[in-house]
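Okay, so subunit A shows up in both of these, paired with subunit B first and subunit C after.
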Partner chain A sequence: MDLTKDYFSNLGLPCSYQIDLAALADSHRLLQQTHHPDRFAASDEAEQRQAVQTASYLNQAYGVLRSPLKRAIYLLELQGMEPLAPTNTSMPMDFLLQQMQLRERMEELPAAADVEAELEQLADELLVMHKQLQTDFAAAYEAGQLPAAEVVVRKLQFIEKLQQECNDLEGRLLD
Partner chain B sequence: MAYSEQVIDHYENPRNVGKMDEADAQVGTGMVGAPACGDVMRLQIKVSEEGVIEDAKFKTYGCGSAIASSSLVTEWMKGMTLDEAGEIRNSSISEELALPPVKIHCSVLAEDAIKAAIDDYKSKQ
Partner chain C sequence: MALLQIAEPGQSAKPHQRKLAVGIDLGTTHSLVATVRSGRAETLADSKGTHLLPSVVRYRADELPQVGTKALQHLVDDAANTIMSVKRLMGRGLQDVTRLGEQMPYIFEACESGMPMLRTAAGLKSPVQVSADILRVLAQRGEASLGGDLVGAVITVPAYFDDAQRQATKDAATLSGIQVLRLLNEPTAAAVAYGLDNEQEGTIAVFDLGGGTFDISILRMQKGVFEVLSTGGDSALGGDDFDHAIANWICDERNIQNLTLAQQRFLLRQARQAKEQLSDTAVTTITFADWPETSCPADIELTREQLNSLLDPVIAKTLRATKKALRDGGMTIDDINQVVMVGGSTRVLRVQEKVAELFGRPPLTSIDPDRVVALGAARQADVLVGNQTGDEMLLLDVLPLSLGLETMGGLVEKVIDRNTPIPVARAQEFTTYQDGQVAMAIHVLQGERDLVQDCRSLARFELRGIPPMAAGAAKVRVTFQVDADGLLEVSARELTSGVATAVQVKPSYGLSENEIADMIKASWSNVDADRGARSLREQQVEADRLLASITIAMEADGERLLTEDERQVIIKQMETLIVARNGDDHHAIAKQIEILAKATDTFAGRRMDDSIKRALAGKAVDNI
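So, the complex of A and B:
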């Protein structure tokens, strides 16, 4: 396996956003078996080292490709872009407004009458937004509209952050 | 990671947290976001007839450094002219707060929020 090649080609998948996750899991499992360091216990040091590197590469690749956000970032990185560069703080105004509102809502949530229902409602809404952004990314990327795709990736990052905070809040409030 | 005393001070006692009327012609609102960490910041200025910033408010959802950066600049901006406020650089913010390199982007966020608020105010005149 040529580890300098991209994750898609090494895992035998088309270089695309919409991938078959079952095929990805199968391919990852099969390759992990073939390259498992245990199989090289009797081999020389160089081969053993190679096997460890390959196993690590495969885990890394699997982690990136199965995550909707990381896969999107990776596709843009293959195009030489850096979608999450910290110097870029300009986002569409309506999106930022919505972010502020969602965060205000989350801040006030612990005081709600039915905390559990409110949390569930918020988590559901975030999930819907996350799914929509995945669709938006696929459309922009497949159409070659990379700057637009980059904005979608940033939005996804914000939504995942909110989902994370929503989970943390749930852990604090409901345990 | 240890926060500096200045960051902790602003984080525990943030100055000028709040909201102004966005529709007010005297008010400029800047909103920015940092995708790398998912922080969002709203910075508002109220500008007098003479072009001096009379009041500044902020609301930041983010880490201690992002909150401290925005809190600090609201203090700095009061009494400044728009031109003076527009010259505030992230390096001054990070220096004042002793931000470590990984948190420099929080001061960049605050600088960009200032510019956005000034631009918004100017576009209303």
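So, the complex of A and C:
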């Protein structure tokens, strides 16, 4: 396996945002079964080292392609873009406003009458937004509108951060 | 004919002969060795027919160490030379060990590597050596029962074992002459023992309740690949807590106070018997026949219902930890297809009931919960040496605790998150903090918290020979490589010059089980405190940077460009910032940074003008 090639070609998938996740999982497993260090338990050190590198690459590739956000970032990076560069911060005003409202809701949540229901409601809404952004990204990317795709990636990142915080909050409140 | 069968060492003369491999469960209280014979995994007995080997080693002057039951008999009369529970010492530093010292009657000494050494009649022994002595007995037992040399062994470790603990375990095996085929997580081994790897796919909870520890692991199995999705538990929760709850109840019922040590032992023994009895009968009687005191309390009846109400609070804790582990793995109760029971305390009926109730399905209990881990390890060993051609079982594990690096101000930057599938390689770029910096200290840490002091230090090394550059111009890439056993190697390279260094992280100590559980717990309960601490460190770093640059500017141009009064104002503000910087209010520091920055605005402006003037001096306008 040529580890300098991109994740899509090494895992035998079309270089696209909309991928078959089941095919991805199958391909990852199949390749791990051939390249994992356990298959080289009795081999010499050089072969074992090679196996560790290949297996690491496969885990990395699987982790990136499986995640809607990381996959989007990776596709743009393959096009020579840097969607998460620190200089890249401009966001549409309405999106920022929506973010602020969501954050306020999260801050007030611990004081809510039915915390569990509120949390669930918020998590559901975030999930819907996340799904919509994936569709938006696919549309922009397939149409070759890379700057627009880049904005969607940053929006996705915002939403994932909120989802993570929502999750942390749930852990703290319900434990 | 015999001449034709000469073979290289390590190579089988007969290519179709089965290779001999074993699975070893190196446990805290007892250890086991198992192998696959005629397609069945079985634990191996010693010459007297005993399977469980107590994990106890007794050292004597000028004699071989005693291991197992023989050593156990000297636990009281030769306490300092009879080492038990050595697993709790594996991969730990002297400091951790002395903290445990109250519970352990051993004499510890430091050695050069920082590894704690036990002083015994046979000289200084490290925990790795003690474990090696246990492993050696198990390997010999394997060779005696199988009638040949072992190709290798799979050794099990708790899923949350950190780098240091895994490395120490591997070292012990190497020391005892065992070729380690793989370090396998205990819960994964248990799932393999039940043959869950033969199912198409599923999500498995492994509920492991021992005498003093509780571990819960969530595994996902898909077409022969096992992934550990998350682990959790409580390193101070187990069957012993059941016994204590029952003993306390007896004390309350019979108004017994100020127990002697002998009375305590008596009560715990009675409690344990009652607990075991009530798995078969609905009611039992606790008697005080041998009560170590003259006035003997009356017998007590304990019903199963009463027992349940005593056990439930302890069991509830395990269920809470279980739910937490599910959440960590992004799973819900409904996602779990199988529940595997491990550890002697899962024999308690109430535990089985409550676990069944939580998951809405009966847990798997058909294999002896004390042996299930060793049996699974044996199956994996059989696969790894290639005895099961065509078998596709592959075990993918995850990193038990996050790995990171120290950054400015004592903060930890995570490089690989907890629960990332291994093997994994990850690189992170860092830059220099000062002008002309030629070396960078690299400090590798493991843990979930934000501050260095709250994580475990795994290794420190230095990257030297960076060419002098302005602060922020050098690019140092630090690469972490974790192998399939969870062992870490770190390398660093300065990208503009190519200067490189690498270190196999082989720390002399690791985390205590308690610390790991506490660290994970603390990362939740301390999120707010960490955020505050992080802000404080960030402001302190900012303050230091500003103070340093103003000091340099004052020394260079202060007298030339400022009046005495202006200088005094700046010095006064610097002093105020230093006071704030040494306090713990990050808001105050931020405010003083702002005031000082403003107070030096004019000075900065004059220096700018001055440097432009100097740059322009003597140059014709055309050349600008």
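Operating definition for what follows: the second predicted complex is superposed on the first by the 170 of 175 C-alpha atoms of A that agree within 3 Å, B and C clash if a C-alpha of one lies under 4 Å from a C-alpha of the other, contacts with A are read in each partner's own complex, and residues count from 1 in each chain.
Here, a residue touches a chain if its C-beta (ideal position, glycine included) is under 8 Å from a C-beta of that chain, and two chains touch if they have at least 3 such contacts.
Predicted model only: the values in this text are computed from it and were never measured.
Once the complexes are laid over each other on subunit A, subunit B and subunit C cannot both fit and instead clash. Of the two partner chains placed around the shared chain by superposition, subunit C is the only one that A:A42 touches, whereas subunit B remains out of contact.
Contact with neither subunit B nor subunit C is seen for A:Q145 once the two complexes are overlaid on the shared chain. Judged by the touch definition given at the top, the superposed model places A:Q79 against neither subunit B nor subunit C.
Of the two partner chains placed around the shared chain by superposition, subunit B is the only one that A:R103 touches, whereas subunit C remains out of contact. Within the superposed three-chain model, A:S56 lies in touch with subunit C and out of touch with subunit B [touch as defined at top]. When the two complexes are overlaid on their common chain A, residue A:S16 makes contact with neither subunit B nor subunit C.
In the superposition on chain A, A:S90 makes contact with subunit B only, not with subunit C. Of the two partner chains, neither subunit B nor subunit C is touched by A:T135.
When the two complexes are superposed via chain A, 580-588 is the only one of 130-138, 436-444 or 580-588 in subunit C with C-alpha atoms clashing against subunit B.
Shared interface residues of subunit A (contacting subunit B in one complex, subunit C in the other): none. On the side of subunit A, the complex with subunit B involves touching residues 83-91, 93, 95-97, 99-100, 103, 107, 153-154, 157-158, 160-162. Per the touch definition, subunit A reaches subunit C in the complex via residues 25-26, 29, 32-33, 36-39, 41-42, 52-53, 55-57, 59-60, 62-63, 167-168, 170-172, 175. The touching residues of subunit C, counted against subunit A in their complex, run 151-152, 181-182, 222-225, 320, 324, 327, 384-386, 392, 394-396, 420-426, 481-484, 524-525, 527.
Contact residues on subunit B toward subunit A in their complex (touch as defined above): 31-38, 40, 42, 59, 61, 104-105, 108-109, 112-113.
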